[in-house]
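Chain naming follows the written order as A, B, C, D and E, and within any one chain the residues start at number 1.
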Amino acid sequence: MSEELMQQILSISFYGASLALILIGVYGVLTKKNLIKILLSLTIVDSGVNLLFVSLGYIMNGTAPIFSPAIMDGKIEVLKTAPMVDPVPQALVLTAIVIGLGVTAVGLALVIRLFRHHNTTNIDEIRNLKW
Amino acid sequence: MSVLTVLIVVLGAIFLVVGAWYVLTRKDLLVATIASSIISLILSVFFLILQAPDVALTEATVGVALTTIIFVVTIRNTKRMEE
Amino acid sequence: MSNLVIILAIFGWAILTYLAFKINKTLGNVFVGVLALALPAYFFTYTPSDYTVSVMGMSLQFGFTSFASLFAMLVVVLSSFALLYSIPYMNKKDRLGWFYMNFMFSVGGMMGILMSKDLVSLFIFWEIMTWSSYLIVIYQGKKVNKVGLKYMIFSAIGAYAMLMAIVLINKWSGNVNIEQFFASFPNYSSAAKLLSSLLLLTGFGVKSALMPLHVWAPGAYTKSPMSYTAVFSGALSKMGIYGMALVAVNLYVHSNMPIMGEVIAWAGAITAVLATFWAIFQNDIRKLLAYSSIGQLGYIAVGLGIGTELSVFAGLYLAILHGLFKGVLWMVVGAIEHRTGKTDFRDISGLIKKMPFTFFVALVAIIALAGMPPLSGFVGKWMLYESMITSNHFIMVLFIFLSSTAAFLYCFHFLYGLFLGQQEDEFLKDVKEVPVLMMIPMGLISLSLIAFGTFPGLIFKPIAQAMSTLGFENVTWRMSSLTNAWGNSMFLKPANFMFMAVFVFFLIIITVVNHKKTKKVGTKDIANGGEPIRDEDNLHYSVDIYRPFYRVISPIMKYKVETFYKRISKGIEEFFQFFRRIYSGNGQTYALYVVIFLTALLILSSTIF
Amino acid sequence: MKKIIIILLLAVIGYFLADIFFEIPFGEDSMVVSKEYLDKSPNDLHVANTVTSIVVNFRGFDTLGEVTVLFLASTAIGSILFRRRKVHTKLNPQRNAPHASRIVQISAKILFPLIVLLGAYVFIHGHLTPGGGFQGGVIIATGYLLLLVTYRKFSVSHSSLTWIEAIAGVTFAGIGVLGLILGKDFLENFLPVGTINNLFSGGIIGIIYVAVGFKVASELTGILDTMLSIKVDSEENEQN
Amino acid sequence: MVVANPILYVALPLLVAFLLPLFGKIHKELIRVVPGLLFMFLIFNTVVLFSEVTSTGKPIITQIAGWAPPIGINLVFSAFSGFIAGIISIMGLLVWVYSYKFKKVEFDNSLKYFVLIMLVTAGSIGVVLTGDIFNLFVFLEIVALSSYPLVAFYRGRDGAEASFKYLIVGAFASIAILLGIVLIYSQLGTLNMAEISLRIGEMPEKIKITAFILLFLGFGIEAEMFPLNGWAPDAYSQAPGPVGAVFASMTAKAGIYTIIRLVFTLFDIDAGYQLLLGMGIITLVVSEGIALRQEKLKRMLAFSSLGQMGLLMIAFGINTKAAVVAGMFILFNHAVIKSLLFFSGSYLVYNSENKNIKDLFGFGKKLPLTAFLFGLGAFAIVGLPPLSGFWAKLSLLMASADSNLIALIALILIVSVVEIVYYFRVVNGLYFKKYTGEFEPHKPSWNASLVMLILAAVIVTVGLYPDLIYNYFVNAADALMDKANYIQNVLPSNFVGLN
């Protein structure tokens, strides 16, 4: 398999997968009636965005942005044998994942309280506030 | 990057999409939650392939373990089945 | 001393008065009295000077023109009398501090309007006047209900129309100075001319209660305490006239837009007729006076709208005069309300016996209102008719004639129903003449009305000076005679004496002839065809005395503007009721809106960006 | 019907997004600022793991925010599911259920220190190897989760959690402020950077990541404890 | 040692928030006292920094971790962002004073309450000050995550429901923002806002527009733009009284700030201004119209608040200097007046279950001061002179007249009439309807009264003498509109001039 084709296939799989995750997730948020399902869908969307971000930072045949002793030879000077992938998206995604966790956790706590209050997890039945 | 990796990626991508759909359609929330944790697992493999070990580790701990646990706890406190 | 200080002093004094009432009622009353005396004393002795304040890059100018000081005179005189009158009138009510504070605020607002030489400060003081009068309108609390809201809404519509005009003028003229606006108005494009003048007219028209915008007036006039209504109807509504005179004369007469003048004049004429009709059928004296006020303001608008020298002169004369006699009449109503606690014709009668002074004052004011010779109203009517005839407004003459004739009906109703007619002893038992402090203002204004009837030149002089601000230089006037376009002149002194002599003569004759036939009758004293009279039957003569007349003209009276407004407001509310459905209460729907919005933006991205 | 509309909407969005994304070439080097990071991380900071140096130093402010987010999440859950202290012992049926089987209990006992050790390793070596404060913290939290699930009556001491949380958080923010006090920037390194690939390298980065690890571990344990100890009976009304 | 530094706006609240549980262990009263000291320090910080900015005329750029802007994150304290940060910190202090005795809450609850209030303040200020777009996203998340529990703070209300709606929509916002950031980063390789703004021309047109749309959507949700603000009325109305003021004066300010930065600084898309203007008009009309039909006081206030946000968008969308100055004025007014309305309004309906407007009938006599201040706020927000609302409205109208938007003037004024109708309905009811006797009035504590009086004094003072703060608005507008200056100050070395 040639390098070009591989790149093509990889780009389609990564971009396609993340796009599909985002769209499926949004679809879930918009159509599922169960509160927990909605939050599950939101985590799926989050995963999609994260995957997209990381795959944008990827460089073909790059290595992880960690300087290992083999490369280093114990010297301060850094030797680069292979290009390193972009570390910034990784750092940002790290943050994004934790934020997503926080939001999901708060959302689930709200779900528990809503369930105690309304005795249901159907979003259509939780409509005390309207108009 | 070897052909095998490409193959894994393609399969994984398909599995991701199917898994996401499965999560949405499954009426049993517990199963859906477990399925979503499997999605996270595949994602963390993807991150590893994309040379992002830090993210992979985070996704593996947060997405696979912690998020799932919180969901399970919530389901225990509410209803297991989606009506 | 700059002009602005007066206004600030009034505002500061208002707050001090409020605090004084918190401490002690007597102290508060002293504060009110001090302002009532100090205001005219200061006003008639100081020398005006200009003053400029710079706010947010705009320069706001203050100073009196001679036109403004004409109105300022009216405001000062009327409000100081009304303040004096208030002291006994309001004595038994609560929250006096609040009342007087807002009273003084609105006086300060009116002075501010007259002092402003630029539109922004005019608007600011206009709004101060508006909300302070609103706060007085709603002062009486629960009884008021929706009147205050209606007043506020209409004021807001007017004020915002004015604000829009100001903003546009600022753009088109480059600044907000009034004189420069007039100077640059001829250079406006015709659309700009039309838009700015329509907006300004709406703004001023609301306060002067011109016909389609008068809806608030009857309620607001009747629901505020009478001592304030004297100022409200007498002076505050003149602020609308002030603005309208400025705009009408400066813009249309001098800038060749007579069509707008015609609009004002016709609006005034129609207002005069319809409001007078409405006044006739009222059973509440306050309502009667309120509609009468609206009608009278219509005359003034006619005068200003026609826009010839004589008509403007007549309009201004009527404006000043209306302020005075309507002030007295409201005070009379206040006096009656103060002593009897009632304002309905059904409940009041025969007050002449117990309140002769009030009757006399009311008589003078009513004659002035009706425009009969010995008193000053006649002079104004005379000039108004003449100006209409000389400017070929013959149909309008008919309207005005109809309205003034009809006005006799309610004038009679007023006098007869309240002071003459049936007398019930039990009703009159506790009624006394009003206290001296209330008599003084009423008496003094009535005296001035009599004086102006013979020597109208006393007011002609300041009006003539004021006319020079409006671009009519060298208006000729005489102290006690009227000349007309055809060269005839009428000397008022002999004419009035003659008229009075005839009047007294007939009075004596009628009294002598009827002396034996008169007898006192109560409201239940009535011949009936065998039907027993029940207690709840009110057989007061003056109730519904014009019912046959009403039957004749009822087809016209059916159409009320109010229903039209009601329908509009209802339509608007229902329209937004529909919008409320957007917020369906379902979180998912809100998320869907987000997605729809995103899709719309993406689809339209090629056209928008 | 609604679903079809939604699918159509999503199809439009998907079309536009796909249109955009497939225009961005995959796997090509388009680094601008990152080049600086890759250069400065080993040379100036002496940190082997560039991601760590970005997370803790170059973009340390983000991480402070991130730690705050977790802190907020824990506070938020506590606030949303707030219980009174008195009724805390009255746990829900789940917690009152019998303990897990003995095998599970013993293996949990054995596993727990190992898991904590792993977590500690991960965050202590955050600047050398993949992983760091978050990952290590989460791993430790899962260790506590194991205990919470296995021993139904096991509960974490809230007081000590509070202390750990506070001290760890204050260490992070305090190190930042300390930089200010020492006349440097907020979060700027003021310690010797050491030799690259040694444990003691990278100056404050290691310390901060350890603090983050403790913070994350305690927050997440707190969250888990709160969520697991929910009482079932209906809530009492509070009015404003 | 540095006494005042923009970084302290964020660092100190976080530090105190982390430490607050420990303070609670020392003495329970410290939980309430310490946040107040913090807010006072923040105001001191504002005063020092702002005087420096005013005297030098240049923004203060703070690097973090010792790296110059494109590499490290930086904070920009300019006449514009600093002004908003100042408003937020002052409102923070007032909210603290107000809620000092708002309710007898238990130890744990009041701890959480003050932690959340501090963090929402810190987050909002962080959003306003930061010069890095991903950092902005993080702070927006902090704001959102502290808002969710605040909305759901009381159990007796439907706060959880409101909070959940907010969470769903807010999650969409964060996804959209993150996607936008991803697109920008993939093309420009940087996250610094100054550098993005400098090099935005390098982005391919299509990607640029999509990124703009995504960010506009995300920030629009935070800025309570019309079709995206379904969460807002629920959140405003279900939150505890002071939190409504927090939303109006802090989070909404942060939201509108983001969208202003997006349109004014980050992107060079001219249609962005028109889009903002159009959305502002729609938001204004729809929200004020719906407010007309509300039966619940807080919901009405919420919709009115949305209307004000629309007005703000209009002001900034016109994009002339005069309009931006007017926008700053409205922003200031909205923070002050809406807070006063929420503060006084929540005492008027204190004991009412449903917070209906008809529950407060006749309270004018029962709670004279509170009712009076509510009335004053109503007068001010509809723009009656001589209160501060008038000048803002006047300057906005004059600005739109200068841009030949005559229909817009008419529209704003018509909407103002609608505003008058519903506010005066309440005021009328307050004073002139019969007291039902169903609900006991609750007298505000002295600290709440103090806060309301301070706000009222500000409204009246600014109304009487707008020049007192007018210059700050002008400076802020200058700082906002001078994009080249912003870039040059942040990136002195890279800057060669705008294309």
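Methods note: a contact is a pair of C-beta atoms (placed from the backbone, for glycine too) under 8 Å apart; a residue touches a chain by one contact, two chains touch by 3 or more.
The structure presented is a predicted model; accordingly, all values stated were derived computationally and were not measured.
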Next on the checklist: With a step meaning a move to a chain it touches, how many steps does the shortest path from chain A to chain E take?
Outcome noted: 1
Checklist outcome for this item: Chain centres computed over CA atoms; the one at greatest distance from chain B is chain C
Checklist entry - Among the chains, which has its CA centre at the largest distance from chain A's? => result C
Next on the checklist: I want to compare two interfaces, C-D and B-D. Which one has more contacting C-beta pairs?
Outcome noted: B-D
Next on the checklist: Quick check on this structure: which chain has its C-alpha centroid closest to the centroid of all protein C-alpha atoms?
Outcome noted: E
Checklist entry - Taking each chain's centre as the mean position of its Cα atoms, how many Å separate chain A from chain C? => result 71
Next on the checklist: Suppose each chain is reduced to the average of its Cα coordinates; what separation in Å results between chain C and chain E?
Outcome noted: 44
Item to check | Whole-Å separation of chain centres (CA-atom averages), chain B against chain C | outcome: 78
Checklist outcome for this item: Chain-centre distance (mean CA atoms) for chain A and chain D, in whole Å, is 16
Item to check | Shared-contact residues (touching 2 or more other chains) in chain C | outcome: 580, 583, 585, 587-588, 591-592, 595-596, 598, 602, 605
Item to check | chain A, residues touching no fewer than two other chains | outcome: 10, 14, 16, 22, 26-27, 29-31, 33, 38, 52, 55-58, 60, 62, 64-66, 84, 88-92, 94-95, 98-99, 101-103, 105-106, 108, 110-113, 117, 127-129, 131
Checklist entry - Of all the residues in chain E, which ones touch at least 2 other chains? => result 134, 138, 141, 145, 148-149, 152, 155, 160-161, 163-164, 168, 172, 179, 186, 191, 210, 233-234, 293
Checklist outcome for this item: Contacting chain pairs, sorted by label, are A-B, A-C, A-D, A-E, B-D, C-D, C-E, D-E
Checklist entry - Contact residues on chain B for chain D in the complex? => result 52-54, 56-58, 61-62, 65-66, 69-70, 73-74, 76-77
Checklist outcome for this item: Counting only contacts in the complex, chain A reaches chain D at residues 7, 10-12, 14-16, 19, 22-23, 26-27, 30-31, 52, 55-60, 62, 64-69, 72, 74, 76, 78, 83-84, 86-88, 90-92, 94-95, 98-99, 101-103, 105-106, 108-110, 112-113, 116-117
Item to check | Contact footprint of chain A on chain B as seen in their complex | outcome: 1, 3, 6, 9-10, 12-13, 16-17, 20-21, 23-24, 29, 32-33, 36, 39-40, 43, 46-47, 50-55, 58-59, 62-63, 66-67, 70-71, 73-75, 77-79, 82-83
Item to check | Touching residues on chain E, where the partner in the complex is chain C | outcome: 161, 164-165, 168-169, 172-173, 176, 209-210, 212-214, 216-217, 220-221, 227-228, 230-231, 233-234, 269, 271, 274-275, 286, 289-290, 292-293, 379, 382, 384-386, 390-391, 394-395, 397-398, 400-402, 406, 409-410, 413-414, 416-418, 420-421, 424-425, 428, 431-434, 465-467, 470
Checklist entry - How about chain D: which of its residues touch chain B in the complex? => result 49, 51-52, 92, 94, 122, 130-132, 134-135, 138-139, 141-142, 145, 220, 223-224, 227-228, 230, 232
